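In what comes next, chain A is part of two complexes: it sits with chain B in the first one and with chain C in the second one.
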Partner chain A sequence: MEAYLSVLTFALISVVSVCGIYVLTGLTGMFSLGQAAFMAIGAYISGMLVVRLNMPFALAAIIAVAGSMLIGFIVGLPTVRLRRDYISLVTLGFGEAITALLNQSVQVTGGAMGFSGIPQKTNFTLVVVSVIVSVALVGFLKVSKYGRQCIALKSDELAAKAMGINVPRMKMIAFLISVGMTAYSGVLYAFYTTYVDPSMFGWRKSAEWVIMVFFGGVNSLTGSIVATLILSALPEMLRFASEYRMFFYSVLVLLIINFKPSGLFGEFELSPSHISKLFKRGHKNGAVNVAASGKDQ
Partner chain B sequence: MSPQIIVNGIALGSVYALIAVGFALIFNILKFSNFAHGSLMTASAFIGYIFAIKTKLGLFPVIIVSMLAGGLLGVLGEFLAFRRLVNRKASSIYYFVSSITLGSLYEAVVTIAAGPNFYNYPRFFHKLVISIGSIVISRSDAIMFVTSWIVLGLLVLMLSKTRVGRGIRAVSFDADTASMMGINVVRHIQLAFFLSGALGGLSGVFLGINYTLYPQLGNLVTKGFIASVIGGLGSMSGAVIGAVLLGVIETLLINFIGSGYAPVFTFLIMLVFLLVHPQGIAGSNVQEKA
Partner chain C sequence: MLLQVEKISKSFGGVQALVDFSLSMKDPTIIGIIGPNGAGKTTLFNVISGVYPPDDGGKIHVNGQDVCGKDQFLITRAGIARTFQNIRLFKGLSVLENVMCAFDPTSKYGIVGGLLPTSRRIKEEKLGRQLSEHYLDLVELTKYRDEKPENLAYGLQRRLEIARALACKPKVLLLDEPAAGLNPREVSDLMGLIKKLNEDLGIGILVIEHRLELVMGLSKQIYVLDFGHTIAVGSPCEIKTNPEVIRAYLGEEECVR
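Our next item is the complex of A and B:
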């Protein structure tokens, strides 16, 4: 039971970061290959504040998220005005730089040996509450004015600009939201495992998150979350096949991109009206689809 | 700043140039950043390594085998990951995810086949260094430098003078119009992937000789990416200039502050470059097409 709970906790922490990735990739169409580095920043800053300065956990978490958003602002500043390829390339370089920095500053961070001795403050309740809050946040963002602006610029930046959307500003906002959420998941992670080391936060990790979002459906938050739960819990259950894990992931996602590009869930979103429809069988079947497609506009 | 450092930097930069040009070839023709390039480098370097161990031949046969392997892997990757996207005229984010996934696939196959171990290429030369006056050049650096520039020169000749080279440029410029002019677009895309893969194979072997061979060797592709950002995304000459510049800067940094912090500073240089001069050295800033 204990083991299952821990698998579930890790999967839920991933859901928090994937919610952030969804804002960036699903809504805005940008890719960050340094997102895991922001997770590392959140984890290290909060961990060090608590361990070295005896700061209360909540305050340390807030400072860590704010600090990583500040760094995200500096990284994002030159890229939001340019073609979207730049943000992937720049964040990739950023991830390498952060890993190098963490490995080098041995006195401060423990270097490649990792940073240990973080007290365990994250419990299952906190993780569940965090997941609910972040899913709700992203869900509301998606249907808000900002979310619709993001979706507009994702499909055509030029047309979005012509409609009066401030494209660089929207890209920056989306990037910062996603950085903040990823950093927060880093805080949760560090205070759950009580130990972090730089090798956990390479660009493979960021790529894995992007893959999860695409697996579930890049236009569907529900799909991304379900995909995250499946893809992050499954390998823990199948420990014996760990070598083949990435292989299966890759083949699966290549198949999805080539043959069902909208992902497992397409445009489907789970909404409250939807759930009540589901329980009232005997209703017109079409009503469900109408609710789903109406929700996405 | 001694001439020795500059020479070493240029030798390193010419390998980065191979990576950056291989990346730019694909960027030009399909307008996306090919993140599978790094793992392709690793995979073809491993094939070259196996060939070297099995046959005990010298460096040049190994290079040719690796280049061929890289080229074929490139064509295979195009077929597996991008052909359907081209046919569907998919938006660039799909290319992006497809290339990342393809990269993971190559890397996973290499890891399964080779394990997470480190390998060393057999020693190809007896005399390790060449000295000219006070400058000492290691034999592998010299060969790296000469081979890289010969290959890049041949590539430029091919792209500018031959029929297929003009075809590739036409498809890069506008695939629809090119196809109306009777150019077989798919064939030329395949050819571009072959060339890019061959360059990747060559740079993989050189990186393997310079460092060691391991499944994550492909992460060094970041250098090529940084070089093409500095040089201007999608520009060949810019990529080469950016790569040589990056090689020299990096060698200087390693010399003065140590290799550990070098990635941090190269990243900061890239960031400052983008803030001040975002179109890169070559000045051809590719805008998102509607």
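Our next item is the complex of A and C:
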């Protein structure tokens, strides 16, 4: 039971970061291959503030998120005016630089040995509340003017500019929201495991998040969340198959991307009206119904 | 003065796409721009709307405001809106959302309203939706409001582009071949619409078009471009009889068809 709860907690922490990735990749069409570095920054800043300076957890969390966003602003500044693919290069370089820096500064961060002794402050309730809040914020964002403008610039940047959309500013907003959420998930992570080391936050982690968004459907927040839960839990569930589990994982991802390029859910979004329908029809029918309406046109 | 363009040029490497073009529109009228393919018509629109800056020495004023070399979105906010020759609607947004998008940059709520349904956001969203519905109504697309734009027929997509441009609340609207690919009936509907925009909404219109019945029927004044040079300016009657124009444009048109 304990083990399952822990798998679920890690999956839910990933949901928080994937919400941020959804804003960046799903809504705005930008790819970041260094997003995990912001998770590291969030984790290390908050961890060190609490351990070294005895700061209260909540304050440390706020400073960590704000600090990451400030760094994100500096990283984003030169790239938002360029073509969208440049941001993946810049963030990749930035992400690898951050992990290298964490590895090198042994005295401050503990280097490759990791940084331990962080008190456990994250519990299941806090994670669930964080997930609900993140999902709600991104859900609201998607149907706001920001969401529309992000989707517009993803679809056609030139036309978006011609409609008066300040494209660099919009990209920056999406990037910063994404950075903030990823950093916050880093805070949750550090205070759950009580130990962080730089190897967890390489580009593989960032790539994994992008895969999750595409697996679930790049145009569907619901899809991204479901995909995150499935793909984070899957390697743990497949533990009995030991070495083959990554093989199964990869095959599943390839199958979905090949046979359903728009992802599991296409453009489907679960809305409150769907949920009430689901309860009326009973669980089994409802689930089938959701899957059916999830198919794209 | 709604729009004043003075001596703008644009060259790409060694090719002079546009040479010393000048135009002024005092009151909202309809000005037609014609010329053979490659004459620099779309380049002119791209320069006016800020896709790329003109070469040094030119002047572009919109509604008294100098916009030369400014960012595209600022030029749009100064009062220039446009449609595209190759339709560029936003996939992933519904027909209504496509129009709302053009209103969104001026919508007055901040990032807090973006993340939470504040009362201000609800009010502004309602306003944007009403305005967009109004423009959809104007181009008679109301019944398609929840469709995806890529599912609409070609003629309807062209009209949606016009509705979207109107939501930018332009002083001057640039229409780049709005009748391309339309059947004769749709062309006459479109002419009615353009006239209505000009007369009822008081929007100045620059229109590039190969369909002469549209240009001749609507324009008060016509500019003829050939290889980037302005070879004639005048009323439709004057243009029809101008020997230079017949040589460069109408003659060539005969050969092509």
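The criterion applied here is as follows: the second predicted complex is superposed on the first by the 261 of 297 C-alpha atoms of A that agree within 3 Å, B and C clash if a C-alpha of one lies under 4 Å from a C-alpha of the other, contacts with A are read in each partner's own complex, and residues count from 1 in each chain.
To be clear about the criterion, contacts are C-beta pairs under 8 Å (C-beta built on N, C-alpha and C of every residue); 3 or more make two chains touch, one makes a residue touch a chain.
Keep in mind that this is a model prediction, so the values were computed, not measured.
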| item | value |
| --- | --- |
| Which of chain B and chain C A:Ser232 touches, first, second, both or neither | neither |
| Which partner, chain B or chain C, touches more chain A residues | B |
| Which superposed partner A:Arg84 touches (first chain B, second chain C, both, neither) | first |
| Which of chain B and chain C A:Ser134 touches, first, second, both or neither | neither |
| First, second, both or neither for A:Thr182, with chain B first and chain C second | neither |
| Partner chain in contact with A:Glu243 - chain B first, chain C second, else both or neither | first |
| Partner chain in contact with A:Ser155 - chain B first, chain C second, else both or neither | both |
| Partner chain(s) touched by A:Gln35 [first = chain B, second = chain C, both, neither] | neither |
| Touched partner set for A:Tyr146, first chain B, second chain C, both or neither | second |
| On chain A, the residue positions that both chain B and chain C contact, one per complex | 155-156, 158-159 |
| Footprint of chain A on chain C - complex, ascending | 49-51, 71-73, 76-77, 81-82, 84, 88-93, 97-98, 100-102, 104-107, 109, 111, 113-117, 121, 124-125, 128, 148, 164-165, 167-168 |
| Chain A-facing residues of chain B, complex | 27, 32-33, 35, 80-81, 84-85, 88, 90-94, 96-98, 100-105, 107-109, 111-112, 219, 222, 225-226, 228-229, 233, 260-264, 266-268, 270-271, 274-275, 278, 285-288, 290 |
| Contact footprint of chain B on chain A as seen in their complex | 25, 29, 31, 33, 74-75, 77-79, 81-86, 88-90, 92-94, 96-97, 99-101, 103-104, 155-159, 202-204, 207, 210-211, 214, 218, 243-244, 246-247, 249-251, 253-254, 257-259, 261 |
| For the chain A and chain C complex, residues of the former touching the latter | 137, 140-141, 144-149, 151-152, 154-156, 158-167, 173, 177, 219, 267, 297 |
